[in-house]
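One chain, chain A, links the two complexes that follow: it is found with chain B in the first and with chain C in the second.
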Partner chain A sequence: MNCFRSLCLGLIGLAVASGVQAGEFRLTVDPVVIDTGEFTRNGIGYNGASPGPVLRFKEGEDVTIHVTNNLSESTSIHWHGLILPYQQDGVPGISYPGIEPGETFTYRFPIVQSGTYWFHSHSRFQEPDGAYGAIVIEPKKRDPFRFDREYIVQLTDAHPHAGSRIMRNLKMMPDYYNRQQRTMGDFLNDVEKMGFDAAWADRMDWGQMRMMPNDIEDLQGFTPLINGKSTKQNWTGLFKPGERVRLRFINSSAMTYFDIRVPGLKMTVVQADGNNVQPVTVDEFRIAVAETYDVIVRPTDDKPYAIFAESVGRSAAVRATLSPKDGLVADAPEMRKPPLLTMADMGMAHGDHAGMDHSAPTGMAHKMPDGSTMSGAAHDPHAGMNHGSPPAAMAHKMPDGSTMAGAAHADHAAMGHGGSGQPGDAFYAAGSGLMPSAANGGKFLSYTDLRAMRPLYPDREATREIELRLTGNMERYIWSINGVKFSKAEPIKLKYGERVRFKFVNETMMTHPMHLHGMWSILDNGKGKWDPVKHVISVSPGTTVYMETEVDAPGQWAFHCHLSYHADSGMFRKVVVEGGPGDKRAALKHRHGG
Partner chain B sequence: MKPTQTLRCATVATAALLTLSLVIPVAHTALAASMPGKDHSHGGGSEIGMPGDPGKVSRTVNVVMYDNYYEPEAISVKEGETVRFVIKNEGSLVHEFNIATGPMHKAHGPEMMMMVEHGVLEPDRINWKAAEAMQKSMGHGMHNEPNSRLLEPGKSGEIVWSFPKHANLEFACNVPGHYDAGMVGKIKLSH
Partner chain C sequence: MKLKPLAVAALWGTLAITQPLRAEELIWGIQAEQLEYRVGDQTDVLAWDLDAQIGTDELKFVYRTEGEFETSGDVLEVFENQFRLQKPISTFFDAVAGIRIDTPEGPDRVHGVVGVHGLAPLWFEIDADFYVSDHPSFRFEAEYEALITNRLILTPSIEFNLPFTDDREIDIGAWGPKLEIGARLSYDVIDRLFAPYIGVHYERVFGETRDIVRAEGKDDDAVFFVVGTKVIF
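Coming up: the complex of A and B.
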C-alpha cells in the first residue's frame, strides 16, 4: 500500500513539473494562407492552420488555455456554446478588452457539459477569414447511443475576398455578391453598351424586384469546405463496413446554411447544439450558421459514400467522402435548382426601402417580376405569420391564394417546394419557398422533431416575455433588432433567477440564426418539458419563434444574429444580468416561480 | 432449490405477474382478445422460437434497459434452451425488449411510429386512453406480443422464451430512433 502511494505521488509530481498539465492548452493566432484548391487568400488560423486544432476537453475538469496573438491587430477567442464565467467568454467590449498583438491571454474555466462545440474569433471578420476550430467534450457518463468511430465534419463558406472587403462591398451595394442575378462583369458590359446611368438605373430596378426571389443568400461566390477541404481536395474519413460512425457536424460558416445528406444512408440525429436529443432518423437535415448536429450513420456496403452539403440557396456545394479504404472518391450528386422566396416569406417584410417604418405599410408599391404592381395594402401583416407552437395538422393555404398562380411563381410550383404534398415544417411560413424537402423524397429533419433526452431545467412558466423584432434595411445593408442597431441600443437587462420568454418576430426576408451567449435557449417547439435545449435558434422569414432562457449566469453577454455581416452591421445586443446567486431577492422570486 | 431461492423465485414471479397485469390492464381485455387475429409477422413463429414453459426454465437472465442501451450488450443461449428474462427499465424513457430477427425489428418500426403519432407512446409513459382510441379506430393499439415487453421507466417485466435450433436473433428496442442509436444486441446461439 505504501509503495503504491509513493508511486502515485511520484506520478503527480511529474505531471506538475512538466508545465503543461492535462486540461492545459496553448493556442497561437497566426496569419495563414487559405488554399481551397479554387483560390488562395491570406487569412487567419490557429497554431498555423485553418481550421485550428481540435480541442478535447473532459466534462468535470478545469481547463487552462493560453492564447498568444501573433497578428498585427487585436484578436479574441469565443467558446461557442460553452457555459462559463462571463469574463472567459471572449467577446471584446463585453467580456474583456480583447487580446492585443504580441499579448498572451490565459483563459481558465470549468467544463460543465459534454458534446460537440466550436471556437472562433469574435473580433471583426477574423472568423470568416479562417479563425475557427472544433471543441469535443467527453461526457462523464457514457453517451446514450453507440458508435464505433467518430469524425468531426466542420463546414465553412470560404470566400476569395477578405471579410472586411466583403462588408465594404455589401454596404456599397447590397446585392454585390448576388451571383444568381448578374455579375459585376455583366454590369461593366452593360455600362459599355448603354452608358453608366442607364445601366445603374436598370440595376436599381432589379434591386427592387430581385428583393423578392433571391434574397436567400447575401453572399455568393464562396467555396464551401469540409474540415478545410473543398470537393476537389476531398476530405476523407475511413470506416469498416457495418460500423456505426458518429459524425459531429459543425456549421462554422459566416453566412451560409447547408442541407446535408449522405446518399444511400439514413442519419440518426442524437445531439443538437451539444445536447442529447431523443434519437430521430432522417434522410436529410438543414444546419444553420453556428449550429451543431451529431448523427450516427451505419455504412454497410464496401464502397465510398458521399457526405454532401448543399447551400440552401443552391449556389455552391461541397462533397467529402466516407470510405472503406484510401484513395476512393464518392460521387458528388448534382445540386438542386435554387429556391425562390414566395409571398409567404414576404409576409412581414413591409419595406426594404429607405426608412424603416414598419408600422405603416400603406402606399408602398412593389413591382413584381412579372411586371404587375402590388399595392402595399396587399400585405396583410398576419399573412404567413407562423407561431412557434405548431398545431397538429398544418393547413397550407396561401396568404392571398391567387398570387401563387402568377406567372412569376410558375417555376416555384414546378420545383415542388412548399405545400405540394410534403407535410409542411411549422418553422417555415406556410407556402414558404424555403420549405425543406429531402432530395430522395424521404424525411427531412424539422425543429419539431427535436426533443431533449433529459430536460436540463424543470419545466415552469416564464416570468416575463421580451419581444425582439428582427429588422433590416437592405438598401443600406443595416441589420437591427426592433429597428435599432447595436451602437444606438440600450442593453437588454435581465434579472438573475428569472425565466425569460424571448419572442423573435422576423420582419425581414432572410433567415437569422440567433445566438445568446452564456445561457441556454430552450426552443418552444410544443414539446413541453421535452423542449430541446440549444444555443442557436434559427428564425425563418415571416415567422415568429419563441425560446426561453433560465437566467442563471451573472455578468454580461452578447446576443446576436450569427450571420457575420448582419452582426457587424447592427443585429446585436448586450445582455446584462442583474444580481447573482447571492442575491436574496432573486432567490425568492426563483422559488416562487416569479 | 434452496428455500431462499424458492422464496425469491416466487417473489419475482409474483412481482412479474403483478407488473404484467399492469402492462396488460384488465380493462383492456378487448385489446388482448383482438391480438391473435392480427397478422403480425412476429407473433410466435418457430423461426425465432416461442413462449417457453416456466417449468422448463434452465436459467434466468437479468436485463437492464437504460437510455438508450442494454446491459448486458449481448446474450448467449443454447439451441433449444428455455430462458427466463427479467427486464427492468432503469432509464427515463419508455423502452422495449423484443426478441426477433433484424428484418423483423425493422418491420416493427412503423407500427411503433404509429403509436407515437397517435399519442399512445409518449417519451416517458404509455398513454392508455390514447391506446384505447387507437384500438377503436385502427384495430390495434397497445401491442402485446409474447416475444416483447414495452416498459415505462422504473417498471419491470418478464419473458420466458424457448429458443430454436438455428436463428439469427437480436434483442432490440423499436421505439423510433432507439434501434438506430444502438439499442440492439446479439443473441448468440450455440450447440
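Coming up: the complex of A and C.
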C-alpha cells in the first residue's frame, strides 16, 4: 500500500480536481432524508444521498473503497454480482462482522469482470431504507455493440414505512399492505360473469387454502422511483435524435418486480446481470428484484419518450423521460389491470380443478406465432399451439409428487411448449396468471431468449444436483428453503472445483429472485453452452428452474431470495466452499483463463 | 394482584430459554379488535378487546385484555387479563396456554387457559379456549372480515361463553351460556393503524344464567349501538 500511496501523492497535482485517485473510492454511509414527491421520510444513503453515487470501475484494475459508517447502527456494503474474495463480499456474519458506527472499513479487490452491477447494504433493512447505488465496470475490450451515450436507470420501491416496521406488520398481518384484495363487489361482478355457482366455487377454493389470487405483491403502498425520482419528479435523460442510447436498468427494489417499456421504441437487450447476451429486440421486459438488464434504444424523433415501469402487481408505476431537450415531460401510459394468480400458480393446475377455468380472463394475453396477441377469453383451447420440445423448465412437480403431462392440462393454449412460436413462457406455470405480455402486443422478453454472448465456462456435465425447494408459510410470513428457515439451517457445503446443478422447486405462490453470492449462476434455459450467466435467477410460482454453478470461489457466501422481507424471515442460506487454493487471486485468474 | 408480575416473569423466562440459537429479532405489536363506546337502552359501556404480543415465529407471548366499564354506574363490569403463550401446531393454528386473571368490581377469578388460536378455512379467525379453575368454562370466538372495498370493511363476530359450574357470586349458572354477536363497519384511515367503526353489539344469556339474572330483575339480553376504532400498531 505504501507504494500506492506514494504514487498517489505523486499524482496528486494531476488528479486533484476529482479528489479521487483512479481505483480509490470513498463512501460514507449517512442518515438522509428521502423525498419522493409523494412523501418524505428519514432513510439511509451514501455520500449524503439516496441512491448513492455511481461507482465506475475498470476491468483489470484493483479497487480500494473506504467505507465510513456515520450511522448509529452497524452497516455493511455488498457489491452485488461482483466476483471477489469472500472477505470483501460485505455480508455481516458471513464475510466479516460488518462496519460499526464511526468505523471505516477498507475494501480491496481486483475487478475481474465488466458490465452493470450495483451495491447495497446487507444489514437488516438498510437497503429498503435507501442504502443502494450503481456500479458500472468499463470492459477491457470494446463492447460488442455500439452506443452513443448511456444512462443508469435504477429502480426502487421507496416506502413511507421503515423496513423494520414493514417486517413487523407483515408478521402480525401478512395482508397488511395488500390493498388489491377481492371485495364483495368483485364477487358480484364474477357472479354476473360466470354465474353464482362458479363464482362461489372459486371463492371456496381460495378460501379453503386461505390464500388470495391477488397476493402478488406482499408490499404495496410504495412509490416507485427511477434514479431516486418519482413520476412527479420526472428523471430525464437527454439524447440527440438518431443516437443509440444504452440504458442500464437495475432493479434495486426491496420487493417489487417491474414490467418495463419505452412506448414507441424497440429495446435491444445486450446484457443481463452484467454479462453480454446475444442481442434480442423486444418491446417490453420484466426485471426481477436485483437483476440488471442493459438495453439499447434509438429514439429518432425530436420528441420526449417515456421510460415506463409498472410493478408486476400493478399497484404502482413510474415514468421517467428520455428527451431531446430539458424540461419536456413524456406522457405516461395508463397502468394496466392487476393480474390474478391462478391455481397453476398454486402448483395445482390439474385439469379438473375448479379454480383453473376462471383464470383465463385476466392477464393472459398470449403471443401467438404470428406476433398477434390473443386474449384469454378468446381461447380455443388448442389455438396457436406449438408442441416443440419442452425446455427444461417445463417439468412441474405437483404437490402429490407426480409430474404434469401436457395431456392433463385444461388449457393448452397457455402452455408454451417451446418451439419456434413460443405461445407462452416456459418460465411460468402453464396457465399462470403472471404470464407477461407486451402492452403493444409485441415481443416480451423471456428467460428463454437469453443466450450468452461468449460462454464464461466450458460446457460440462454437472457433478451433482442439489434440490432447493422454495417454501414458506404465507399466513405466518415465514419463508424458508426445504421447509427450514435460515436461523435453523445447516450451511450448504460445496467442494471447490465441482459444478453443481441447483434445482429450484417453487412450492410457494410468490416469485422468488434467488441470488448466489461469489459465483455465477448459469441459468439452464436449454441453450447448452450458450446458457446465460446471471447472478439472480427468478423462480415463478409453480415452476421448477435449474441453474448450474462452477464452484470456483473458496470461502463462505450468502445464498438467498433477494426480496428483503423474504430473506430476513428465513429464505436464506450460508454456502461454504470447501477446499481450493488459499490464494483467491489465483482462483480468479484461473476462472477467467477458462 | 401480586400474581400478575409473577406470571409475567415466569412467561418471560420461558420465552428467553426457547429463543433460537441464531436469534431473529423479536416481533412485537398491538392489535385492538374493539375499542368502543356502547350506547344501550339501559346503560352505556366503554369496552375493549386488545392483544399486545411479542415473540418469535416459534413462540409468542400475548397479553390479552378485555373489559367493560359501565359509565352510568361507574362500574368495571368485566376486566380480564390473559397472559398467553402461543406456539404453532399447524400451518394456520397455534396452541395456547396461559393464565387468565379477572379483576373486575366484585370477586376476582383466576383460571388456567388452554386453547387454540388461528385461521380456519374461508378466512375465519378463531379462538377456542378452555378456562380451567374451580369455575371452569369454555369460550369460542369467531370473526370474519368482509371487504366492501379494500378499506371499508364489515366485520361480523360471535363470542360464545359456556360455564360448566355455577358461580353465583358473579351471576353465572352452570351450562347457562352467554352469546355475543356483533357487526362492525370500519374504514381504514391511516394504513391499518386506525380504523374507526360503527356497529351493533347484541348479547344474551341463556339457561340457568338467564334465570339468575332475571331473578335479580335485570334483562337477559341487551342491544347496543357502538362507535369505536380498531388499532394495529
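Assorted remarks:
In the analysis below, the second predicted complex is superposed on the first by the 456 of 594 C-alpha atoms of A that agree within 3 Å, B and C clash if a C-alpha of one lies under 4 Å from a C-alpha of the other, contacts with A are read in each partner's own complex, and residues count from 1 in each chain.
Just so it is clear, a contact is a pair of C-beta atoms (placed from the backbone, for glycine too) under 8 Å apart; a residue touches a chain by one contact, two chains touch by 3 or more.
These numbers were taken from a predicted model, which means no experiment stands behind them.
When the two complexes are overlaid on their common chain A, residue A:R451 makes contact with chain B while staying clear of chain C. By the document's definition of touching, neither partner reaches A:P333: not chain B, not chain C. Once chain A of one complex is fitted onto chain A of the other, the partner contacts of A:P144 are limited to chain B, with no touch recorded for chain C. Touch criterion not met for A:G23: it reaches neither chain B nor chain C. By the touch criterion defined above, A:P53 reaches neither chain B nor chain C.
Ranking chain B and chain C by residues of chain A touched puts C first.
In the superposed pair of complexes, A:G526 makes contact with neither chain B nor chain C. Contacts of A:V270 after superposition: chain B is touched, whereas chain C is not reached. Residue contacts after overlaying the shared chain place A:P279 against chain B, while chain C stays out of touching range. Once the two complexes are overlaid on chain A, none of the chain A residues touched by chain B in the first is touched by chain C in the second. Residues of chain A touching chain B in their complex: 142, 144-147, 244, 266, 268, 270, 278-281, 296, 298, 451, 453-454, 530. On the side of chain A, the complex with chain C involves touching residues 161, 164, 167-169, 171-173, 176, 179-185, 204, 207-208, 210, 221, 473, 475-476, 478, 485-488, 569. Interface residues of chain C, counted against chain A in their complex, comprise 20-25, 27-29, 31, 53, 57, 88, 91-92, 119, 121-123, 146-151, 191-192, 232. Remark: chain B residues 66-69, 92-93, 123, 176-178, 180-182 touch chain A in the complex.
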